[in-house]
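What follows is a set of notes on a single structure, which appears directly below.
Labels run A, B, C and D following the written order; every chain starts at residue 1.
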C-alpha cells in the first residue's frame, strides 16, 4: 500500500439521504419480531408520536463520530423538515465535522489496520475506518479563532457561539450542506455542553492566549438556556444517538427546572440508539427506567435500542420522514427566546 | 398485569419477508459511510459475490434464537431460492424453533421484565422478550422421540436425523413454512454439530432410556460428511449469523480435508453478523484475519459486521435477493452425496 | 519483526496458581462496592455456599480459550481439591489445549497485530494474542486417532472417550499438569457435548475414514449420563466460565430429568463469568432469571458477573480455595456410576 | 420488599483500600497469561514506569460512576501518595459523589431490579445497583450555589471553582475522606471540562438566575490551563478510567500546545481501563494506536484494558502502590502555576 496523501484521501464519505429510501415496510416487519429489531420498531413509533404531539418539543442528542460517518444529511433533514427543535451535541460533531464540511472540506474512506505512524507523518488523522486531513482541520481551528476574534469579549453560551458559526458559514461557507448553517437560518438552537472539547477548543485557546479581553464559553449559561427551553415547552421528547454528556445534560434539565421552582414534567418521550449497556454503571448505557427514579424520564414511552447508530439512525429517521407527521409541525425558533 | 396463559400468549411473532422490501438503496448508501454500516454494505457485496461465483458452495451458519425472533422466513427464502447450499446450525434453531413451528406451534411477543417465577408456574418459557408455551415444547420433544423410535437403530449424523424430521413434517406437519421441510424437499443438508443440546436431546434421551437398541447421534459423522461437501466443492463461502459451534465447525472443515490428504482451499468468502468481539479470545468473536493464520479463511473477501442480527440479517438477504444473482444458481442437492 | 518460528514461539504461557495469592481481602472489599466488583463478590460467596452444602454436586462449565490463556492450573486445582465434581466443556479446552499440553506441548505469548498470512506459512496458529504450533496440534489430532484406533468399535459418550484420553496421558503423557489426567485419576467425569468441534474431530474423522467398524461419539449418551448425575445429586450448583453449549447443556438436565419422570430440583446455585449480555437474545448472555422461567435455575442463589474470565476466574477460585470449605468435601467419583 | 427510605438506605457503600491487599503476585501471574489479564499486567507495568520516570507528569482521567461505586479511597490514595499530579474528571464524580460525601453524605447498596417509580416517590435516585438520597443531593446542589454566591463575579475555570470547593470542605466539611479536599491541600489541580453537566450545574444555574453579576465557568480556560501544564511537563503519562470527555480533553492538549507554537511531545505513556471498544467509531473506545495518527499518544508504552473498572482499577493502583516507585516522587503543586 502506497502511503501518500493523495492516494489515501481519495474516496469521500458520502452522506446518506433518508428521503431516497423508505424504511416503513422494514420497521413494520420489525414490529412483530424480537430483540433489537422490535426495539428499533418501537423507538420509531415513539419518535413519530413525538412529532404528532403538538405540545412536544423534540430534542436531538448527538454523541460519537456521526458526521464523519456519513450521517450529516440525516441531521440536516431533521432540521429542515422541523423534525427536531433543539440539538445538544458533542463538540466534535458540530465543529470538527459539520462546520468543517461547511468550510468545504471532506472526510474520507480509510481503513482500520492503517499504519498510524505513517498517517501521522502525512498529517492524516484516523477515526476507525475514516481519514481526515489534519491540515484542513487546522484551518477549521483557525476559523474558530477568527470568529472569536471578531466577537465582543464576554461570556457566551456555546449556543451563542455556534450561532456565530452559522452566520460565518452563511457568508463564507463553501458547502451549503451543513446543519450548523441550516439551524442558524431556522433559529434552531445547538448546544455543546463540552464545547472546548473539540476543534473549537483549539481556536478558542489560541484566541484567549492572544487577547486579554476575550470570549469565554460559559457552560452554565448553556444549562440555563436549555432549562428555559424545557420550561417553555409543554412536553418534551428526546432522541439520543449515543450517550455521554448530551444525554446527561438533557436529562438534567427536568431537575434544573425543579430547582428553579418550576414544576416541569419529566421528558414524556425518549429513545436512545446506543451500543453501551448498564452493566458498568456509567451514564451512557444507563436505562431510562433508571432515569425515571431520578424524575427525569417518564417510563411510558421510552425505548433503548442496543445497536450501532450508522445502521439504525438513518432507518429511524427515514421512517419518521415518510410517516409525514412532521408536516404539521412548525419551526419553534427557540433562538428567538434569548434575543 | 394479569398473568394467565391466554393473555400472555396472544401476540404471535411474525416472520419478516425479505421479498417485500428492497434493501439495495439502503446498502448502496451504506457503502460510502463508515463503521458498521460500511461493514454491512461490504458483507452484502461479498455475499452477492458468492452467489455469482459458479464454483462456490454457500454454507449458512446459524446461532442464537433466530427463528423465535422472526427470522424463519429469511432462512426459508434462502433455501427456496438457492441462495445457500448447506446449513450448519445450533440445535435449538432447527428443532425447538423451526421444526416446532412446523408442528403448528408459535412463538409469542413477550416482554423483558416479566416475573419469571410466575411464568414458570404457567409453563411459559422466556427468551429475552419472547414467550414460548412449554407444554407445546414438550410435544415437540416427544415428536423427536416418536421419530427416533421409528428409525432403525444405529449411529446417525444429525443431518440424517434432521432429514427424517423433514420427512415427518412432509407427512404430518401443520405449517408448511419450515426450512427443515424445505431443505428436505430440496435435498439440502442441515447439520447440528451439537444436536443433543436442544429439544432433540430431550426426545432422544427419552428414546435411549426406553430402548437398548437405539438411535445415536454421531457428531464425528457430521464432521466427516461436512468435510466431504467441502472437498466436493471447488470453492466455498460462509455466511455466519452469530458464532459458537457452527462457526468453528465450518471453519475446521478446511483443516479436516487437509488431514484426510485433500488439498482443499481455504473458505474463499466469509461474512459474519455478530455482537461478539475478539477481546476475550473466544471463538465467536474471533476475526477472520485470525482464522487465516489457521489456514481456514482467506483474507481477500471476508467481513465481520458487529451489529445485532435481527436488524442486519434481513437487510443482508433482501439485498442479495433483489440483486438476483441467485437466479442462475441450481440446487446442489448435497444430501444425494450420502445416499 | 522477524517472522521465524523460533523467535515467535519463545515465551511460554504460564498457568496462574491460585494457591499463591489470597483473594479473600480483595473480595471482601468488593462486597460493599458496586457494579461488577460487587457481583463478583456475591458470585464468590455463592460458590463457597456450594462447597459448604454437603448435598450439592458442583458442575464446572467451560467455554472460551481458557487453557491456552493460562487458566489450566486453576481447573486442575479445582479437580485436585474436590472443588468440583463434574466438568462440561467445549472440545477445544479439553483436547486442543489441556490434553495437548499433557502431551508435552505449550502455548506461547504472541501479539494481536500479527501478520496472519506469514503465521500461516510458518504453521503458527493465533488465538488473539497467543500462538500455537500447528505442527504440534497435528500430533495431538493424530494421538486422538491412535486412541480411537485402539478402542472397541461402538458408540461412546464424550465422557468415555475423554476417560481413554486420561488413561493415555497416564501412560504416555509428558506433562503431569493436565486436568484430563487428574480427572481420570479421580473418576471425575468430563463431558464435551460438541466433542467433534475440536482437535478430537480431526482425529476421529481420520479414524472413521479409515475404518468401517469404528468409534462414534454419541452426544445423546452424554446428555443421558449427565442427566443421571443430576438425578443422583440431591442438589446441584453450577459454575460457568463463558456460555455456549456447556451452559445450555447443563441447564437442560433439569428438564431432561423431568421428561424421564424424575422430579429433580432446579439448579440451586449458579454463577457465570461472561462478557456476553442478554440484549441479542442468545443463550450465552441470557440471565439466570430467564432460565428460571424454564424451570432450570433457582433465583435465590444466582449471580452473573459481566467481566472477562482471565481476570475474574482466578480471583473466584482463589477465594474459595482459601476459604477452605472444600476440605470437608470428598471426591464423588461419578465415573463409577457408569461402570 | 418494603419500600421506605430507611430500609432502602441502610447499607452504605464502603470504599476499597488498596493498601490493605497487595496485587503484585496476581499481576505477576497475569503477565504470562493472555487476553485482558495480560493487558492489565502490562498496564500496571506502564503505570509504574510513569511513576519511575522523574520527568513524567501523571494525569488521571475519570469517567463513570466511580466514587458512588466505592473507588473514592483509591483516588484519594493516589493524591496523597503523589501517584498522580493532575485529575481530569466528569463533573458527577467530583461534585455529586466526592464533594457530596465530603459534606457528610453517603451512597448506599441498592439493587438493579428496583421499582423506579416507587424510588422516585421516595426521592431515591438509582445508579444501576446503588441508591442515593435525592434530598441530600439537593443540599449538595445548594452548597455549590452558596460557594458561587460567595465568589467574585467573573469567568473561572472549573479548576478554580473546584479549588473553592476544597476550601469549603476544609472549613465546613464533615468527612475528611475526600479527594477534592486532599487535592486542595496539595495544590493538585482538578479539571471538569463539562463541569455544568453535574450537580454543580444545578447550583450554578440557580446562582446565575438570581444574580446578574455572577460566576461563569469558562471551559476554554480549563483547556488553556491544562495545556500549560502539558507544556511545563517534560513528559506526560495518562491513566484513564473510562473514556468520554476527559479522555479526549487530555489527548487534545498535545495538539493545543502545537497550535500555541510549542513543540510538546505526545503523551509518552497511556493506559485505559474501559469496556468500550472501537467498533462504533466513538472516542471512548478508540485505540491509542488511532490516537497516535493524530499525534496525541506515542505507541511505545500504551495499553488498553477491556474490563470493568470496579475490578481492575483497585488492582492497578494496589500494584503501583506496593511497588513503591511513588516514594521518590514529590507533589508537583501545579495549582501554584496559576496564582
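Convention: contacts are C-beta pairs under 8 Å (C-beta built on N, C-alpha and C of every residue); 3 or more make two chains touch, one makes a residue touch a chain.
Predicted model only: the values in this text are computed from it and were never measured.
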Is the C-beta contact count larger for A-B or for B-D?
A-B
At the interface of subunit A with subunit C, does the proportion of residue numbers present on both copies reach over half, so same, or stay under half, so different?
same
How many angstrom lie between the centres of subunit B and subunit C, each centre taken as the mean Cα position?
25
Rounded to a whole Å, what is the gap between the Cα centroids of subunit B and subunit D?
46
Subunit A to subunit B: how many Å between their CA centres?
39
Which residues does subunit C have that touch at least 2 chains other than itself?
34-36, 65, 68-69, 127-130, 279-281, 306, 308, 310
Parts of subunit B lying in touch with subunit C, wherever the complex brings them together
63-65, 68-69, 92, 112, 114, 116-117, 119-120, 124-130, 134, 138, 141, 155, 193-197, 201-202, 204-209, 215-224, 227, 242, 244-245, 248-249, 252, 255-256, 259-260, 275-276, 278-284, 286, 289-290, 292-295, 299, 308-310
Subunit D to subunit C touching residues, read off their complex:
11-17, 20-21, 23, 25-26, 29-30, 32-38, 40, 65, 68-71, 107, 109, 127-130, 306-308, 310-312, 314-315
Subunit B partner, complex, touching residues on subunit D are 34-36, 113, 277, 279-281, 306
